[in-house]
Amino acid sequence: MSAPSLLVSASPHLGAGDSTPTIMWNVVASLLPIVAVAAWFFGPSALLVTAAATAAAVATERVLGHRGTLGDGSAVITGLLLGLTLPAGLPLWMAVVGGVFGIAIGKLLFGGLGQNVFNPALLGRAFLQASFPVAMTTWPVPAAAGTWWALRGDNFAFPFTSPRVVDALTSASPLGRMKFEQQPTALLDLVLGTTTGSLGETSGLLILLCGGYLALRNYLNWRIPASIFATVAVLAGGLHQLDPRYPGALFMLFSGGLMLGAMYMATDLVTSPVTNRGCWVFGAGVGLLVVVIRIWGGLAEGVMYAILIMNALVPYLNRWTQPRVFGARPVEPAT
Amino acid sequence: MMSDLTWIFVSSMVVNNFTLMLFLGLCPFLGVSGKIDTALRMGAANTFVLLITAMAVWALNTFVLPYAPYLRLIAFIIVIASLVQIVEMVIKKLSPALFRALGIYLPLITTNCAILALAIFQTNRSYTFLQGLVFALGSGAGLALALVLMASIRESVELADVPAVAKGTALVLMIAGSLSLAFMGFAGLLSSS
Amino acid sequence: MAELSCHASMMTTSKDAPPREDLAKGLWRQNPVLVHLLGLCPTLAVTNSVANSVVMGVATFFVLVGSSFLVSTVRRWIPNEIRIASYILIIATFVTVAEFGLQALVPDIYKALGPFVALIVVNCIILGRQEAFAGRNPVGRSVLDAVGMGAGFMLALLIMGSVREVLGSGTFLSVSLFGPRYEPWVIFVLPPGGFFTLAFVLLAVAWHKQRQTARARARATDEAVLVERVA
Amino acid sequence: MTDGAATGVAAQTPEPLPEPAAVRPSSLLVTLGAGGAVAGVLLVIAFGLTLPRIEANRAHALHLAVNEVLKAPARYDTLYVVGGALTKTPPPGVDPKKLEQVYLGFGPDGRAVGFAVGAAEPGFQDTIRLIFGYDPRNRKLLGMKVLESKETPGLGDKIEKDRAFVSQFDGAQPPLAGVKGKRAKPTDVAMITGATISSRTVIRTINNALGRLGPLLEAYRTEN
Amino acid sequence: MGAVSPTAIAVSAGILGGVGLLFAALIALVHRKFRVWEDPRIDVVAALLPGANCGACGQPGCRAFAEKAVAGALAPAQCTVASPDVRADIAAYLGVDVGQATQRVARLLCAGGTDTAPDRADYRGLATCRAAAAVAGGHKGCVWGCLNLGDCAVACTFDAIRMNAVGLPVVIPEKCTACGDCVRACPKDLFLVMPMEQKLLVQCKSLLEGEAAERLCRVACNACGKCVLDAAPGVIEIKRGLAVIDYAKNELAGPEATRRCPTGAIVWVEGAQFAPAAAAGAGRRPLEEVPA
Amino acid sequence: MWRHLKFRHGVHPPTLKELTAGVPIRRVPYPDEIVLPLRQHTGKPARLVVKAGDRVERGDPVAEADGYVSTPIHASAAGTVREIGLWPHPDGSYAQAVRITVDPYSPQAARPRLVPDWSRLGPADLIEAIRQAGVVGLGGAAFPTHVKLAPPKDVRIDTILVNGCECEPYLTTDHRTMVEYPERVHLGLRIMMRCLGVSRAVVGIERNKPDALEAIRAAVPKDLDVSVHDLEVKYPQGAEKMLIKSLLGREVPSGKLPLHVGVVVQNVASAATIAEVFDTGLPLIERIVTVTGRGVRRPANLIVPVGMKLRDLLEACGGLTEDAREVVFGGPMMGLAQAHLDTPLVKGTTGVVVLSAAEVRPQVSYPCIRCGHCLDACPVFLNPQLLGQLAQKERWDEMEANHLADCMLCGCCGYTCPSNIPLPQLFALAKGALRQRQAAA
């Protein structure tokens, strides 16, 4: 019998199903329906903005990253998610700035996939929000009168110039209206997504479905969204009971970026805790900060900041929520 | 007016965090944020010195400086420095354990601009004794928070394959910038009606 | 008096370096901010406009040169034990003078600089120079050194201030550069922008250094080839 | 293994350095004491030299602000808030600088045109300090100027820089109400889009200050 | 208040002078109590040393070396890492001779490159020698031999090891400081730090003999014993399948012992051991390609 | 039912046992040569007692125990000692081994009883007999059984657990043993209970072996307190600590042995072997081995003489298929890959699994994405994610502080990692480095 050159490798010699790229591309796939719905509401602007953010993210990963890391699909997710957090009328050059910053500073500077501390998409968005506060808070009304084809803002503003005012209808977001004008928005509109807001924060129901698919396949830790939802519902519900001027739990849950944030961004594997207990605490922290910022803060929406702040706490949470090692007794007082 | 102690505390701790928003105390922030353990101790020692400073400054402002306003800066720096020195010696004598935990950071803090800045802010804003203490407590908590966050992040980033050019201070500053960006979420906290 | 944290005892030139070197080293090769990372608080805090940066730079320069002069003049009479206390006394005096001066001359900018003029007292660069240089060298060299370091500090502030004002407001010394259509990147005049700008500047410096060592390494490889021929 | 490095202990041993003797405390005392005294003298001199300029600067800044919000009065008086009333003369023994002050402006004809009142409240980033002119007779504002704020450039700093916003306060009728969009009534102030908080703080600051001081101002008017 | 009145001057001078006195008293007190004196030259010497803390000098670190050097227990030359200039500087500063140290260098006890010693299996996993060695002894047919993955080159602080085209680490004697990093790094224990004048070397550790050894590696020592006969008596001995050199008799050793070696396992080395091939670079041999 | 206990975490790899689960055990023909490494068990290698040219009969000792934690080794076939020298060892190294040329055409008749009859022996004599018979644990670690049966005086053992889980995928050695020799298992158990003076025994069997459960249950002797329990099918149910947790609810303290919670765990095959040794009077010279996997043509459960070479064994099973890629001693989760077909089987070899190219773990790894799956898999609640990162930076001390010592290299973390990071390999390296450093200190 001739001996083929045998393989020698370390145990275990078998591997379980899904590889990292599989997970990532599945997330990409689950985001596509959300992009499609955004396009349904916001027309070509939605596609342009997401495409610009994604292209920028991918190109940055390609140019500055290690060879071959594009295949894992994570840069595509970053780009898509960044795009989904932007207003439809944003100039494309700004979307590109966000994508480049998110990947270059938010991810590659830390060593690339898996090593970053802050959610790259959100860091990119926070950068944009701080850089271009006006453009980033100009919310076009979805499905406004006019043709589907019309741009919802000056998407094609020349790089480094301010967007021109285009006669697309804009209005305050449901949260802004609630906070600054005490005007609630109908829950059905929030659930279906027929409200203003960034591209991906319009349809809570769809996000819930797509995220649920990922949770079922164990691509994301369901404890994080569960903990966020529970915390927000309890806090908002309680405050609403105390003072009905505060918005109720359902409004809180379905308005703004909470759904997208809880399902897709707080759950980013890399920037959330590795321990399950840590995930519960992380989610509770995000929920708490969202409610605090929305109710007592200066900003109408706080999901992005809540997640970023909790991201910063993740290394600490990981340490703190380390499970008790099998057979290790809780420390007994010295005898 | 700004008598609201809660607001002073929250504002000095997160909204106008000394380190992340006002760039005060960057030396310890960059220098002693490598390990969570030391960061915590540094934060505690810092808060301690801030509290002492607040009291001393209140006394100076009330009893000495009205008569010699031009000595403000010199008086602050000398009084703070000598107070810290004395406290250090006292701790060393009374509790060697506490000294080992916190004392070694005290000299580092003397020449740290957060302390002097606290004195100046407190004077400029004419805080009362109580307000001054709350302000010191809030700023100290803010410094400790920033330090601990930075330390835990640095501990985890130490295991990452950071590109060679970015290793060291550039990365730490990027993290600080990101933290500062995240802390912008606290803007306006408790100040809107 | 406590030993100080500043690690400024590096950055010395050897005894027989030419005076030009005393002056020039602070500007770039041993730039107190960009290379030795000293005095970061003011570097980040007051550089959101060029005017602020310049005024702060001048004030610091004044204090640095003044106290270096005085320290090197009186250094022989200061006992070692009270070295630092005396330095602080001298520095604080100069800072207070600078504070009064700015308040009298440029009240608006003084206000914009907030507490940071007073904080020059605790700027590590200044105490560091007294410790490392003025306390050990004759007046002439000390002043040259202080001028160099002060200029280096000013240069760093100017770089930071220019980047931040140009990007963050589209202006330079309040003169509009790109016309009204320019969209300013507000973040650069906000706190995070300060951190990011300095990080970018340091990245650029590190990248430059890396290129230099890469070149040095290329030279070393020639050596290795030589070894190969021997073997 | 061979251990080659152990060859050759230094042929000579370096001269041991003698430990320097301790200093005499008296030299420390003399140096620091004298240095302190000299520094003190220097400071006082610098202070004395610059003080006039600094006070002039301050007065000038105040003058400009009062001028702006009272629409260039011919002159103005400084009044002190003492025990729930306004008085021209501070009570003896109290540092007048510690008292709250308002300024009463007079037109060229010598008639009072209104008060300039300073106030401050926490805004979006930090405390916003402003001064406004108020005519208690017509219950109208005369103008508003922000003295100090750290609001976001490009957004919140419009409360200082945006003429459209600032000019609304000329002739507005307190208590003010912030509105989104166009102002319809004289009590309305159109807030700045994207800087609602800063705008609202300005409005709130004026309303609160008038709520507190309004009766005093009116009482003073009627008395005099 | 305001103008420079004599009282103001007096007050200010009094306050500051008083504070100064207080301070001076305090410091005098502290100094009296806690004074520790250390020879300042230690700091200077420590600053001059390379700061590699490599231990090549046999001290736990550069500062320890500085202390001993100032005390005269070590000669400056014994820091082999420092350049001759630096050693001279230290000597001049301390006013002593530079002293001498034998130059030592790391030698590899294996010559089994990928061309001479074939693999027996495909190893997949972490691309380090240590990892490969732990998995079924690695891919190399000869289990004693070099795994060619370059842990040593990575470990070397001084960039003194390059992997050549056939996967063997080449130590560049000019750069090697004898710090022993490679000795600790190699899982097969193939490095030996030895004086440069020990030039006779058996580049093999295989315990197999005769044909069994040669089957696994063309340059293995097959324990034939010819070198023992050719060398001066007692210099070489065959022990457990290997020719072993007694370096205590190094002065008797000469190149003649290598002449009849059928495999070339015993060599006479001047300078570097194998030919470096710059093309192969200093890194590891890539085992796992980055996913496409 | 009885208390329902289980251990937490762990993984569910496909069991893949259908290849051999129904194949009855048969005996392989004797090979031409037997190679007996002197290191076959945990502990000190045995000391040689033969020399080249000696004749040995089946069951003759070729090496004697060298110390307490050591066992003798016996010739597993009659023949002539051809050579004593270095030979490839299953752990990848070369080790001292006795090569025996097997007599051709020999009936391989055994010597008459070398091991005494058990029924009249007291505990001490029984243990000595077990030791002389060279019995070691057959569950994988090959720990000398006599050591386990003689616990230190100050611990009290109250229960023997019999480990019939066989949780490794593919292997069916224990399964077939339980189905075909249930009485032997019980007899072995009876002998061990006598050695330890224990009256209670529990047999734990994973639920995917109903026939084994039934056979073992049916054969429980009336006079013994033996209960048989079915367990969840989950890897590593068979690891001692997990088994004790599942069956008794006791948690073996970190760094301690089962005996510290009053338990001795023995594999079913070990029990059966003890019975067989006393039955036949022959020492441990053969064992049951599953040869399986998609890379071998005729998977089988075989009685194999210890020391048979892999090449011969595979030939007896029809040889390798074209796409055979990796040969593993033991199961695919913890087994050792073999670089050589010349390596001999040793006493601890539970099976030979030949994986096809399609089955082997893909060999590209991605960066860790901190998914936390490894934390959810680790049965001893470590943080493999952190440990892995630390290992890559060679920060051994921090690994130690993070309980590396508790890692049993079960492979769950590596199995579940989507980024395919060779975590157990990293941990094995770290353990090695720490051991090396400790030895140096």
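A few notes on this one:
Which chain is which? They are A, B, C, D, E and F, in the order written, and residues in each are numbered from 1.
As a convention for this text, a residue touches a chain if its C-beta (ideal position, glycine included) is under 8 Å from a C-beta of that chain, and two chains touch if they have at least 3 such contacts.
Quick caveat: nothing in here was measured; it's all calculated off a predicted structure.
Taken together, chain D and chain E share the touching chains A, B, C. Note on connectivity: the fewest steps through touching chains from chain B to chain C is 1. Compared with chain C, the chain whose C-alpha mean position is the greatest distance off is F.
With chains reduced to the mean position of their C-alpha atoms, the one farthest from chain E is D.
Centroids of chain C and chain D (each the mean of its C-alpha atoms) stand 30 Å apart.
The distance from the centre of chain A to the centre of chain F, with each centre set as the mean of the Cα atoms, comes to 49 Å. Centre-to-centre separation of chain C and chain E, using mean CA positions: 39 Å.
Computed centre separation for the pair chain C/chain F is 68 angstrom, with centres defined by C-alpha atoms.
Each of residues 69-71, 74, 78, 85, 166, 171, 174, 178, 181, 184, 187-188, 190-192 in chain B touches at least two other chains.
Contact with two or more other chains is made by residues 92, 336-339, 363, 366, 422, 425, 428 of chain F.
The residues of chain C that reach two or more other chains are 1, 81-82, 85, 89, 92-93, 96, 100, 186-187, 190, 192-193, 196, listed in rising order. Working note: touching chain pairs come out as A-B, A-C, A-D, A-E, A-F, B-C, B-D, B-E, B-F, C-D, C-E, D-E, E-F. Across the complex, chain A meets chain C through its residues 105, 127, 130-133, 135, 158, 160-163.
Taken in their complex, chain E has these residues touching chain D: 2-4, 8-9, 12-21, 23-25, 27-28, 31-32, 35, 37, 39-41, 56-58, 69-78, 80, 94-97, 99-104, 178, 192-195, 198, 247.
Residues of chain E touching chain F in their complex: 120-121, 124-126, 130-131, 134-139, 143, 207-208, 288-291.
Only residues 11, 13, 92, 169, 241, 251-256, 311, 314-315, 319-320, 324-328, 332-339, 341, 353, 355, 359-363, 366-373, 375-376, 379-383, 385-386, 403, 406, 409, 411-412, 414-420, 422, 424-425, 428 of chain F touch chain A when the two sit together in their complex. Residue ranges of chain D in contact with chain E, taken from their complex: 1-17, 19-20, 22-23, 25, 28-29, 31-41, 43-45, 47-49, 51-52, 55.
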